[in-house]
Structure formats: structure tokens, C-alpha cells
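Per-chain residue numbering starts at 1, and chain names A, B, C and D are given in the order in which the chains are listed.
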Amino acid sequence: MFADYTWTELGSIFAMQGFAGLILFSVFVLMALGLAIIFGQMGVINMAHGEFMILGAYVTYLCSNLVEAYAPSLFGVYFFFAMALAFLAAGALGALVEWSLIRHLYKRPLDTLLATWGLSLILQQAYRSIFGAREVGVSLPNWLLGSVPLTDIIEIPINGIFVMVLTFVIAIGVYFILFRSRMGMQTRAVVQNRVMAGAVGINTEKVDRHTFALGCGIAGIAGSAFTMIGSTGPTAGQLYIVDTFLIVVFGGAASLIGTIASSFAISQAQSTMEFFLSGSMAKVLTLLTVVGILMLRPEGLFSLKIRR
Amino acid sequence: MNTLSNNTDFLLSIENLTVSFDGFKAVNDLNLYVDENEIHVIIGPNGAGKTTVLDLICGRTKATDGSIKFRNKELTALREHEIVREGVGRKFQNPSIYEDLTVFENLELSFPRGRSVWGALTFQRDAEVETRVREIAEMVFLDALLDKQAALLSHGQKQWLEIGMLLIQDPELLMLDEPVAGMSVSERKQTAKLLNEITKGRSVMVVEHDMKFVEDIAHRVTVLHQGKILSEGSMATVQADPKVIDVYLGH
Amino acid sequence: MRRVKDIVQSRMSRRSLLAGTAATAILMAAGTVSPSFADEVNTTGLAVTDDTVQVGILHSVTGTMAISETGSVQAEKLAIEQINAMGGVLGRKIEYIQEDGASDWPTFAEKAKKLLVNDKVAAVFGCWTSASRKAVLPVFEQYNGMLYYPTFYEGLEQSPNVIYTGQEATQQIIAGIDWVAKEKGAKSFYLLGSDYIWPRTSNKIARKHIEKLGHKVVGEEYYPLGHTQFNSVINKIKLKKPDVIYAIVVGGSNVAFYKQLKAAGIDMTKEKPLLLTISVTEDEIRGIGGENIEGAYAAMKYFQSLDNENNKEFVSAFKEMWGEDIVIGDVTQAAYLGPWLWKAAVEKAGSFDIDKVRLASPGIELTTAPEGYVRVHENHHLWSKTRIGLAKTDGQYELVYETADLMEPDPFPEGYQ
Amino acid sequence: MTSLKSFMSRQELLGLLVIAAVLFVVMPLAMDIFRLNLFGKYLTYAFVAIGLVLCWGKGGILSLGQGVFFGLGGYCMAMYLKLEASTPEATAIQSTPGIPDFMDWNQITALPWFWEPFNSLTFTLLAIIVVPAVFAFIIGAAMFKRRVGGVYFAIITQAIAAILTILIIGQQGYTGGVNGITDLRTLKGWDIRTDEAKYILYYVNGALLIGVLVLCQIVLKSKLGRLLVAVRDQEDRVRFSGYDVSNIKIFVFCFAAVLSAIGGAMFTLQVGFMSPSFVGIVPSIEMVIFCAVGGRLSIFGAVYGTLLVNWAKTTFSETFPELWLFGLGALFIAVVLVFPNGLSGLYQSYLAPLVDRFMGGKGRGSDPDTSPPAADLTAAPSAKPAE
């Protein structure tokens, strides 16, 4: 298939393709980080994760409309503001959900799955009732549109770079929160031994709530970022859920590094296969490979061998 | 006594057994032998590898190196249920019984018949099963509670039930992990009596912390420390061993 | 216990349908428009009283398809309201029963059956996806109902119980490809679509036509519905450098596709490559964002910006009923035609009876259609013009071309018989 | 098997009789054929829900991919019916007469090899049972032998459902794509679309359902039934009692898969088409909720749960279409939070004592269903090694 092209062209395309893979990688990491915290650290299966993302997207949509209407001069920077709001909104909803629903179900992981699925249906209908069934478009500031041409063929999409940088920042942030802060230490303590953590004076309920809210908040930021590349509709969240769970499970549930590694593996596999095969078959093959590997190695890519 | 040979007269012979978790050797080049009709107690400080040894024998943990022979048959290559079918029974630290089922059903499920899927489907509760269940229930002091749901038993009764579930399998080697933990004084006494009774015709390996109880039952004691044998012999020998006093009993 | 009409059940072949039409055209010549008593205009037990007639609206208002089907529901309600304001059909007010297909095909079938069997509606306006239509089709044929189906679709179907008010694939595709080939000198095409029957069939028709013109298809690809990552295919497009990207992407994928296309530096306002789509109406542009699709061409029969009196009235009535900021796409307009076509057929037949309406349908004309003049073909599709629009930043299309004549609907093009 | 009493308590016999009465007498009298056909369609989901009771409620294995098996059964049936509907005469206008219409549209000119055997009804009926069983066996063997369980199993089965859906939609020349296999007409020349046929199919469906209930009852009352509960609660103990736990799990998973497939085949017969929208994640999870509403421990409850949810769906979406999702969502949450034992739990705590007294029977024997509150019903043995 490459006979007709010059080496320069091929080189450029491979560079572009590599970059496409990196963007996909960032997108996957963004989707999966929040879930990795909630599922990996707390063992809660949040099927409404996609809906928390969409909440972030709708918050961004509202912000863009409000800013456009009332403070057009700020339009260039509203996006940062919107992301912060998306984080808060999704986080607050997350805390509420944890308080009203999740905390009763910590011992029944499969039941959280059902309950959060119910929650996702309710949220979808709520979005539909509030924002309408149609998809909404989020207008972006001009500096986020377009691309930087490097050569004739290689053009780097600006929003792609933005998503990558954002992913990097958030991943670092999560790392510090979980592994360098007091809250992270407490979270991990609660995960490992709830009773003992309670006994040494950690408020386990508070830690649970904060952890869950953090995961949901990150989903909100992800949703906000996705308005740049995807669609915002009441049911858009469902599109992400299977991919996201597979990434987290494939990475090894309790490992953040694993989540990142599995995002990388899956995104590269998918974008390479998409280049050589048709889109649908690439998707099927990627999923099949992941499921196949998981059957051989159920603990995922990264997991510690623990003595039992 | 440490004669290495391919075939031994021991019921169970563990030789050069090693298991490591990410480099940490929980059990390190261990040699251990269990005679027929012997109550063999393993003691040692926390993290000495006691439970791991039991896990290795029953196949719950796979050995990194070494061999475990039961009646001169290699166990390390077998899967858990196959090891059980060879005649090794295992009781866990926390009573693990089927709380939603009655005492009778708990015992019945452990009765060694109809262990395949088809066998379980066509299993009949015949006179043999009934008699055997009642017999064992009497042994473990639960004969009056056969129709009671297992969840409603006291902690000690649950421990007994689990021992009963092992007895009904009629294993040649019975492994008990802290059988009297959480029991009242009178229950301990009853348990000691029970253990002495059930040794007839079988060997028992016990992991236990309660020295009083160990003294009551042990024929032989092995002291483990950091995955290795520190000392071995009768309770009196072990208690007199200065190495043991240093790391364990001295505390 | 119930009177299910003994009717022409199995699907008629096209030939017998044509013959039947011809025979009864004569019988119907003196059709009357004056009001008459219920049992005269309704011999089959439909839900018709002396002053009302019930019809069904069957779309998804929940589930993934609700996004697309909302516009059709609004258009159908508008048309019904306008017809009622003009005195109704045969002097009877139209009452509608709305059912939710819930984006679930058996639910569509179930609700269709309910509308026909329990509610005895005289006509149903509804369905959007091909899958939902395929699911209800046997129901309409078995219980002899009349369905007005608004979506542009892949063709390969012709039922005596359906009037297809949208364009079938050839009408949309052939004119569009001819135009880019002739006017824009396009010689190579990259075909791209969501993975289901409409894009796949349409691209097959397109490929045939492109090859017949002596031009080249340099790539053809499909992505699962809902796919949101198109960077790989965009790279392939860059590599192949086609003159035309022929895109039939639908739903949420659309938004991702156009945003990423723009971000990757493919500027559709430049000469090459140009993008031609048959799947993006003004409705979809709202989600995509006008700035992301500016410069793309769409081939369909209706744009909100059409400059004619009918359309201006329609647009203002629609906005009055459903809000100022609403947009109207091709399918919405086609859905709006449904009730009007039915009214015309009923009045021509002088009866609500399904069989009579069916026979009266071919040849029905609407001169008041927002898209201009349409006529029902013997094959139950509409003769209509095909237009090319250029997408603008404000989310509207600017008309750049329309076919001189009405395009003949040809649901079974050569090679597909 | 031995006497009736050994596998059915008085309560359960009563339950079975009530269901039989509802299916064969009450519903046909109370409903017209349209509603009855609808009801028959719901009953096909009950097969899946019953399978889930065994697999999930009793065995603790939550599969979010039961739609896969429902679909496999349904597609097998649909392939046979489609071939019968695609006679050369009926498809004379196609470029290749005698093959299904959607193949013709996709320029396929000969019947694919894997369609060939579906010309035979015997093969088809066999395939409805064997294909899902083999498929479930492969998945089950791969996962259970490696001790993948709980949440991990749920997520992987969900992914499998997603894969199969994309595959069916993408290979439309062979599968009918997103439209599915539609316009099915006759079975061995017998028109399945007439009212009379619908009545007959309804009764066949009902009889199959009763048969399946009896079969499940036999399984549950055998030692295997108690083993399932044991595996759910103390998997290790079962293993160390000398059982091969993975075989037990594989068996129950395959069994549930076959039940789902029977439901799928009956669905195709009664509804007249099959499409990928029954294979995916959403229908699979909905089927779990049918089971949960009925009470995940009771096979009779599962039937009522299925009927109740679907009836609510139909009524709600007729009256308040836009509110339906709120209702369904709330139902999910309520079932999990407020009454985890579903309808059968409510029955056991409120009605059963009354019925008992009324019937003069006492002592419900040793029935694991009647165990007190299920605080921890879903033990989730995870693949993650734990301390």
C-alpha cells in the first residue's frame, strides 16, 4: 500500500500516526484516571463514570455560553475557568452520590455496579430534560482551534497538544495527591485496612467521600476537555464506559502506573491497527486482544504479587 | 533423621521447599517430616511462614522450588482439589463454613462422594450419608444442632463444624490453622480432647500460638523462624532450646 | 374478538402495485372533499368519528436516537396543528397518539402494533433509523397500516404500506457526485462512514457511480457507531490526498470527526480536498459547531436557508411553535411533509381506508412543500430536487446548486435488484 | 429422580402452580392477542433472568453478557427462518435469488458456508443449545480455571458483549448488520405471524418456561444447588473439600447460557426478527435488573421480576415517555439499597407466613432461599490475591 509514496511522505505520516496514538493515549488516560482511583483504590464499580464526564462537558457548555453572552472579552481563557467548575460540579455530585448511595454498598461491589447503572440512567434523563435531547456544540476560543504546521504534511493539532499537556498535569497531580499528600496516605490506609485505619483515628467515611469525589471530579475535567474533540449529548457518556473499564482492569486495578501503561498499550495498538485495517475491525481486534490477555493474565499488566 | 531419599516411610515429607514473593523468601529451603498418627505442631513468631507452609502443602500457594511428598506422591504438581482427594484436609484460620446452609448440609457437602458436576447432580442423601453425618456431628458436639443454620452457631461451634467437615472427608493428614483461636477455656479443653480422639488413624498438623494448648496436644513441635526451622522435637526439648527462647518464647 | 382486516398481506411486487394503482385511478376520479359520515369514509373500523381522526406519531423520545428524532416529532406536530387550523382532513380534526420507540427496535414494532391494532390509527408518522423501519415493516404489512417515513435512507425497499418522504440513496448521491465531478473537477474520492447499512449501501452506490464516471475511489472505511477517534483515518486521508472526502458519518461521531478534521489542519474552505456529505443536516451542525464544518458541501433535498415563500412560512411557523433558536434539517422538513401528503391522499380517495389511501397516493402533489414541489412516485418515494449546500459558520447551508429537474426515486438501482 | 417431595417443597410447588395458572389460564383470558404476544415476549427474557438466578444469585457469578447468549440463540433461530423465507421464488427480484435479501444488497452471491447447515431445522434446534453452550464453555473455562471472578468477570463479559455487537454490525453481509435479520415468516411452512400461530407460540413458550423452572428446581435441590451457594460464600472451603470449583462454575455458566439461548430463540419466533440490539451491554444489564427485582435468589421471583419491570416499562413509556428512565434508574437503586432480595424477599417476609398458616403447613424446611437478610449476598472473589 505504500508503493506510491516518497520516503518523506511516509516518514511524515508515521510521525503523524505516532502523534495520533499519543492523543488517543492522553484521552484514554484522562478517561481512566478518575475510574482508576474509584475502582482501583476503593473497589467501587462506577458505571455512571461516563455521566460524570458528560456533566463536566455540560458545565463547559454553560460556561462558554455565559461567557460569550456576558463577558466576551474573557472568552479566550474561559476554558480554564470552565474546567475548574467542571471539576467542582462533578466532584460535588460525586460526594453527594457517595453519601447517599455508595457508602451503603462498600461490601457489595457487584451491587454498586447495578446501583450506579441506575444512577447513570437517571443522569442521562436529567441531561435530556435540562439540555434537550440534541447534542450541543461548545464553542472554543480561537487559539484552541487549528493546528501548527511543521512540514507540508505534519500538522500538530493544537487541541491535541492541549489535551496531552492537561493529561500530564492531571496525572502528576493525582500522583501527588495519592502518594505524597496526607489525604492520599489516608486513602491508601483505608483501602488496605479499613478497621485499622479507623482505629488509628482516620475518619474513614470522610476519606471515602473525598476519594470518590476526587475520582468524579477528574472525570468532570476529562469531560470538559473532551468537548474539544468529541460530542456532548445526554448519552455520550455510555460510549466511554467499556473502554474505560477495560483500560483500568487491563492495567491492574490498583496501580496508577498500570493504568497509564495500559492506556499506552491499548491506544498504540488501536491507532496502529486503525491505520492498516478498517475502523470497526481495528476496534474488534483491540478489544479481543485485551480480553484475550486478561484471560491469560487476569491480574492485569501491573500488579504486585502479594503474600497470602 | 534428615535422611534425604526419594521414598520415605513418612506420611508427609517436605524437602528443600522454598517459596519467594517478589524476592522475599517466606519459606526457605525447608525440610519437614510428619509421621503417621502424629500430632505435629508448628509454632513460631508472626511472619515465620507457618501458614505459608500449610498453604504450600494444600496447593493454595505454589512452591518456587522443592518437593512435597504425601505417601511418596508429589503434591506440588497437583491442584487443590486433587490434593484433597489424595487425603489431605485443611482448616483455615477463620472458620470457613457455608453460613447460608444448615449444619447437616455443611457436613453433607463435605462427604466425599459425588464430587464431579454430574455426581453432585445425581447425589442422593442415602442412609450411609445420614449415618456418617450424625456420627461426625456427635464427635464435634453438634449433634443437637443439625438443622440449625450455620450462621447462627457460636464462634467455637463454627470452628468445630469446620473440623467436622474435614473429618467427614476422612483425611489421612489433617491441617489445622489456629483451631482454638477465639475459643473459651472450656471450648479449648473440649477441642484438645477432640484432637486427641481424631488422631486415631490419622496425622494432624497444627499451627498454634496458644502454648498451653500446644503442650496439651503436641507429639512433636517444629519452631519456624524466618522461613527456616529453628528447632524441632518434643515440647520440652523445644522449650529448652536457647535459640527458641531467644527469638520466640523469650518475648 | 377483534376485527383484523383481511387484507393484502404479503408484500406486493412492484408490478402488481403499479397495476393496482392504474386500475383504481379511474375509480377515484370523482373523489370528493366534502365532509361525510364516519362509516362512509371509514369502512374498516379505524379510529375515525364524525369530527375527529386519530393518527400515530412513533419516534424515539428516549435513548440514543432521541437526539435525531426530536425534530421529526416537532415537524409532524406542527403539520397536524396547521392542518387542523385549516379545518382538518375530510372535516375531521386530527388527534395524535404519540408513542415512544425508545431507540429500541422491538419497542418500535410493539408500539406500531399497538397503534394499529389497539388504537386503530388511520396513519402513522414515524421511525427514523432503517432498523426501526425494518422492525415495524412486517407489522404495517400484516395489519395493513400506513407509515410515513421521513429519513433519507439506503433504498432497497418498497412497501405498499410505507410512503417514503425522504430521499432514497440514489437521489442524494448521484446528483452530488456529478456536481463535484463536473463543477469542481474532482477525480479521486475517499469514502468514509459509520458502520451500518445506510453508509455502507450509500457508499456502494457512490463507488459504482464514481467508477462509471471514470474516476477513482482511493479509500473506503467504516467506524463503529459512536466512535470518537478519527485521527488515524485523517492521516490516511492526508496520505492519499483525495479530491473529495465523501463522508457519511452519523450521530455523536460526526462531532468528533469534524472537530478533529479541522484540528488536523484540513481546511475545507480551500479547493482540495473538499468534503461532501449526505449525513450532516443543520441539526447536526448545532452539535458540530459551524466553525468546524465551514466549507463542507452537503447533498440533500432541503436546507433551512432555501429562499422561497413556502419555506419562509414554514420556518417562521416552526420557530413560532418550537422556539426561535431551533434549526430545521432535511429530515425535519421531510417529516413535515408526511401529514400533508396523507391529507392530500385521503381527500383524493375520499376515505380514510388504508387501501384507498394507498391507491390514491401515487401522483399526489404538494406545491406548498417547503422544499418546493414534490410528487409521490408509483414506488411510494417522492420525486424531488437534489440540492448542494455550502456549510457556513452560522450553522446554515448556502444553496450553491440544485438539479434542474426532479430526481426520479430509484430504490432498487441497477445491480441491487 | 425420586419423589416430588424431595425436590419441591409445598411452597415451591404452590409457586410453580401459580405461575402455570397465570401463564396458561389468567393471561390468555385477560389479554387480547396483541397484549398476550407482548407478554410472551417478556417471558422470553424470563429465561435469561432464571439463568441469572442460578449463575449470579446462587453461584455469585455476575455476567453482564447474557445478551450474547440470548442473541446467539435468537440468531440461530432467525437464520433458519430467514433461509426458509428466502426461497428463490420469494426473492426473485434479487440478483442472486435464493439467498437472504441483505446478503444480496451486500453483493454476496452465494450463501456463506456457516449459513448452509441452518437449512435444517434439526441442526438449528441443536445449534440453539450447543452454540451458546460451547461459547460459554470457552469463556468459562478460560476465566474460571484462572480464578477470574466477581467484578473482573462482569467487566470482561461486558466487553465480550460489546465486541460481538460491533462484529455483528460490521459484518452486515453475513449477519444483516444493525437492522438484524428481519421479515421472518414461516416455520416449516407454518405462518408464524398469524394470531393463531401467536397463540400457539405463546403456549409453547409458556410450557418451555415451566419446563425450565422444573429443571432449575431439580438442579437447585440437588447437591449441586447447595454447592453453588457454598461456592458463592466460601469458594476456598469448597475447593478444599475436594471439589473442582471451576467445573461447577463452568457448568452453571453454560447452563445459564443455554437457558438464555432458549429465550432468544423463542423471542425470534414470537417477535419475528432478531437484531444486535439484544446482544449488547444495555440489554444484558437490563436482564440483570429483571433478575434483581424478582429477587436474585428465587427462580420464581425472576419470572415475576421480568414481567413487572417490562410491564412497568410499557405502561410508563406509554403514559410518561420522558420519565421512564427516571423510573427505571430509581428501580435499580431501590432494588440494591432498599430491598436486595427483591419481590421474593418481600414475599418471604410478608406473604409467605400467611400462606403457610393458610395451608396449614409449617416449617419450610432447610431452604437456603429463606435465609435471613442478605447483607453480603454477593461475595466477590476477586482475581486479586488477598491477604
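Here, contacts are C-beta pairs under 8 Å (C-beta built on N, C-alpha and C of every residue); 3 or more make two chains touch, one makes a residue touch a chain.
Going by UniProt, the chains are A = Amino acid/amide ABC transporter membrane protein 1, HAAT family; B = Urea transport system ATP-binding protein; D = Amino acid/amide ABC transporter membrane protein 2, HAAT family.
Just so it is clear, the model here is predicted, and its values are computed rather than measured.
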Please find the path from chain B to chain D through touching chains that uses the fewest steps, and give that number. 1
So which chains are sitting against chain A and chain B at once? D
Between A-C and C-D, more contacting C-beta pairs sit at A-C
Comparing centres built from CA atoms, which chain ends up most distant from chain C? B
Chain centres from averaged Cα atoms put chain C and chain D apart, in whole Å, by 37
For chain B paired with chain C, centre-to-centre distance based on mean C-alpha positions, whole Å: 75
Distance-wise, how many Å sit between the C-alpha centres of chain A and chain D, to the nearest whole number? 33
Two-or-more-chain contact residues of chain A, please, as numbers and ranges. 125, 128, 238, 278, 280, 283, 305-308
Going by the contact rule already set, what residues in chain D reach two or more other chains? 166, 169-170, 322, 324-325
Set of chain B residues in contact with two or more other chains: 60
Using the touch definition up top, name the residues of chain C that touch chain D in the complex. 1-2, 4, 13-14, 61-62, 98-100, 102, 104-107, 109-110, 113-114, 117-118, 129-131, 134-135, 137-138, 142, 154, 156, 195-197, 200-201, 204, 222, 224-225, 412, 415-417
Where on chain D does chain C make contact in their complex? 32-34, 37-38, 41, 93-95, 101-102, 104-107, 166, 169-170, 172, 177-180, 182-183, 193, 195, 271-273, 275, 277-278, 314, 317-318, 321-322, 324-325
If we count contacts the way the header does, which residues on chain D are in touch with chain B in the complex? 2, 219, 222-224, 226-227, 229-230, 233-234, 236-245, 247-248, 251, 366, 368, 371-372
Within the complex, chain C is touched by chain A residues 5, 9, 13, 16-17, 19-20, 23-24, 27, 125, 128, 132-140, 145-147, 149, 153, 155, 157-160, 226, 228-236, 238-239, 270-271, 274-275, 278-280, 282-283
Quick check on the complex: what are the chain B residues that touch chain D? 58, 60, 79-81, 84-85, 89-90, 92, 96-102, 104-105, 108-110, 112, 114-117, 120-124, 147, 149, 151, 162, 165, 169
